[in-house]
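You will see chain A twice below: alongside chain B first, and alongside chain C after that.
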Partner chain A sequence: MIQQDINELEERSIFIIREAKSKFKNVAALWSMGKDSTTMIALARKAFLGKVPFPVIHIDNGIDFPETYKFRAELAKKWNLDLIVVESEIKPEMSGFACCGANKTVALKKLMEERGFDALIVSIRRDEHGIRAKERYVSPRDRNFKWSYKDQPAELWNDYSSSLDSKGHVRVHPLLDFNEIDIWNYIKKEKVPINPLYFSRNGMRYRSLGCTHCTTAIKSNARNVDDIIKELGTTTTEERAGRDQDKEKEYVMQKLRSLGYM
Partner chain B sequence: MKINKVTLLGHKDHGKSTLIGNMLITSGAASEQRINEAKKTSRKLGRRFEPGYILDSFEEERQGEMTIDTTRAQVKYRDVAFEFIDVPGHEELIKNMISGASYASFALLIVSAKADEGIRPQTKRHIFLAKMLGIDRIIVAVNKMDTIGYDEKEFERIKGELGEFLGGVGIRNDNVYFVPISAYNAENLSAKSPNMKWYKGKPLLDVMRTVVKSNEEVEDPHLRILLQGTIPHETGSMLIGNVLSGSIRSGQRIMILPEGANATVKDLFVKGSRTKSASTGENVAMLLDKPISREPRGSVIYSEGSRQRPSDEIKATVFLTKEIGEKITVRFNGSNLQGKIAINSLIDTTTGSREAPKSGNYALNAADVNIKLGKKIQAEPFTDSRELGRFVLYEGSKFAGIGIIK
Partner chain C sequence: MAENAKTLAEALWKNPTTKGWEAFSGSLAKGGIKYYKIFYEKGKLANKEDLRYSYAELYDSKEKAVCKVPIFRKDGAKIKGATIYLSGLLNINK
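Up next, the complex of A and B:
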């Protein structure tokens, strides 16, 4: 995995986050308490001199890990975040595509409509998945959250999409250029607080965090940020190998995303 | 490490995605899962293994055997790293090609040597566009050499014809490299192919390494800060912006255009912390000694005494992706400006020749134009400042092309 220039990535992300705030009226961000969206909030604090100027949304299906809830409470207080928790229903018979597709997306749709957000910052990265690699920095979604991936807007230089249908919104992706290892290098450099589930306990750790139903731990002895950076330097497996929904079948991520999934 | 961004160029089906796919495999950058997934899909579709599927991840792309949208993939080779930007080769997807190519610092043009393929109008159009976007170093990979018995004469013929065209659009001879390859068989990618002993040059990845190693970027010392807007601050509002060139320090006298106001920088922040100075590439937040009169988005900060002047008229070369009328929208550094466009001469992007405008559809043509805007902007010729010398054209909400200011 290639380690990129952290300063360059940081400046680009700050530019994009500021651009979102300057360009759109009502911005919000998704926060899953994972390493990526937490890094994004750390970047927003830099962009706006310490105070995150938009709400952060957790779509809570009630089945996240206890460590995740504790981390949420602590960091929201420490960073003075405007936290919105949206409870989404979870049905025991649902998993993978149906669960993430239906339940998370529906809950988010309802909130977006109620609050009238026109831009949503989402911390996806290009190296996570072939489908996410096809994304723009700023990507419009129609009122039904549909992603017209076959007709994405032109996006040159720093000219980001501004055409919106009346009830739609844009997804803003300030971390698109980061690789997984860059995130950890940034966490190290900036001492970003991180969910303890990423660190090894009893020879296991989570490399990618979802809910308790769909995420499995990987074998690892990486107990701290330095260990993780070292581990990622030599790994040959994919980051999301422990995520169920990606493995169900081909094109699952494409279908989820075209319906509005993060 | 530094990532050198390289865009693929070339006609559809000449092998752009296949080439990147095989580069990812041979360099070890593609994970086993990604390779296996591509293999599985190839089998399901009843085809031979297609390395391009590592990049073409949309169902429609794989089934239709074409790249629909741009994507990127990184490869480390010896002591350098590349980011390949894959782009679609189809004419109707040129909007996506331009989007991808605009981020690159050099280009890898694929031309198929296969009988009935060869140099196509789209091959030349891509070269023309790349040059417009500021790319002036091009590596030409003459692909599918295996299908013509590794014929040196055909390679030389393509080299001669393209070399002439490249020179015609203003790309210097010593910035052009030709490599005969077979993307599918991974020949001449990272190791010399025994089937083309007549080729005396280096394999493709080594040529790419030479190109990035020989490039020395010259930094422009003149201060330019593009303003994005303001953020609230206890003492009023702070300007935020990106340092495009030069550097700025606290206490410095500056000039804001198009306002034409002079001011002093009272306080300066980078990455959330107070600082004495900021340099190229950094995003700043700053307090001035006096408020500025208008919305700062799109304004530019120069050093006091700069000779720059704003204008409501621009002379430019544009590339059009659709038919347009007289009324257009110019998107320039975050602002949408209404304008009227007058076409002075048409440029045929496949020959480079200019002619008087005639009536008709100018889609896929370039043109020399004058644009009269509804208000003044602070722009510069593209050769002086890339960021201040380019714009995007829209007609209504439809993307219509790009422009480079003369």
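Up next, the complex of A and C:
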């Protein structure tokens, strides 16, 4: 796995987070309590000298891991986060797993309308999935949350588009250039608190976290951050191998993202 | 202690409301419960009603099974997820 200079990555991410805060009126960030969004919040704290200046949103389907809820409560208190918890439904949908597919987007859409957020910071990375590789740092969504991945701004020379469709919003992606191993290197460097489910117990650990019903553990003896970094240096398995939604029909992720999924 | 947890779990199955869950979760640590596993054998969750067919098995510090509890709560006519009430326990589904 390619490792990049984490100081450069940090600098770019902080620049993007600060740009988002200054260019948009009402910014919020999504927080799933996974390694990526927790790293993003750590970066936001660094960008704004210890205080995250926007609300963080957890879209909760009620069946996340108990460790995840405990981690949420502890870190929200420790970092004094303005946490918004939105309940999402579980019901059959046209695509994606019922517990975390389009249903989460419906709950998010409702919240965005109520609170009038015009920019949403989302912690996706290009190396996670083919469709995420097509994303931009600042990615416009129309009023129906739709993303036109065939028609996106070029983003040359750090010029990030901030034009908004009326009543639309932008997705801001400050972690786009991080690889999985960069995230762990950053967690190590900055001592970012992390959900304990990532660490091995009885020879198994979670590498990518969803809810209790759509995530499976992988075989691993990595019991701490150093072990995980070492393991990622030699693994031949993809990161989201334990996520059921990625095993559905071809292009499901592409379809979900174009409809507004995170 | 384990017997007490079993009795409380039985009561929770009969009354999985917020009140029932709060009473149960308060007794988790005292009951010596440390680990949990989540089971759901129906395949894909279609809606929250399906949570009725899922459950968590709770274990003591020696990983000995103590009791089974639902992972939903009733909120009026609605069924909602309730894994938050198991906070503090550690997953051994792994």
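Definition applied: the second predicted complex is superposed on the first by the 252 of 262 C-alpha atoms of A that agree within 3 Å, B and C clash if a C-alpha of one lies under 4 Å from a C-alpha of the other, contacts with A are read in each partner's own complex, and residues count from 1 in each chain.
In this section, a contact is a pair of C-beta atoms (placed from the backbone, for glycine too) under 8 Å apart; a residue touches a chain by one contact, two chains touch by 3 or more.
No experiment lies behind these values; they were computed from the predicted model shown.
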{"item": "Combined model on chain A where chain B meets chain C, clash or fit", "value": "fit"}
{"item": "Partner chain(s) touched by A:8 [first = chain B, second = chain C, both, neither]", "value": "first"}
{"item": "Which superposed partner A:212 touches (first chain B, second chain C, both, neither)", "value": "second"}
{"item": "Partner chain(s) touched by A:22 [first = chain B, second = chain C, both, neither]", "value": "first"}
{"item": "Superposition-derived angle with apex at the Cα centre of chain A and sides reaching chain B and chain C, degrees in steps of 10", "value": "170"}
{"item": "Chain B versus chain C as contact partner of A:158, first or second or both or neither", "value": "first"}
{"item": "Partner chain in contact with A:65 - chain B first, chain C second, else both or neither", "value": "second"}
{"item": "Greater residue coverage of chain A in the superposed arrangement, chain B or chain C", "value": "B"}
{"item": "Touched partner set for A:73, first chain B, second chain C, both or neither", "value": "second"}
{"item": "Least C-alpha distance (whole Å) that remains between chain C and chain B when both complexes are overlaid", "value": "23"}
{"item": "Contact residues of chain A, present in both the chain B and the chain C interface", "value": "none"}
{"item": "Residue ranges of chain B in contact with chain A within the complex", "value": "1-3, 31-34, 37, 40-41, 54-55, 57-60, 68-74, 76, 81, 95-96, 98-99, 102-103, 228-229, 231-233, 238, 240, 242, 269, 271-272, 281-283, 285, 297, 331, 333-334, 336, 387, 390, 392, 397, 399, 402"}
{"item": "Residues on chain A engaged by chain C in the complex (per definition of touch)", "value": "60-67, 69-70, 73, 87, 89-92, 97-99, 196-197, 200-206, 212-214, 217"}
{"item": "Chain B-facing residues of chain A, complex", "value": "2-5, 8, 10-11, 14-15, 18-19, 21-23, 45-50, 53, 126-127, 129-131, 133-134, 136, 149-150, 152-159, 162-163, 179, 236-238, 241, 250-251, 254"}
{"item": "Chain C residues touching chain A - in the complex, by the definition given at the top", "value": "36, 38, 40, 44-48, 50-51, 54, 71-72, 80-94"}
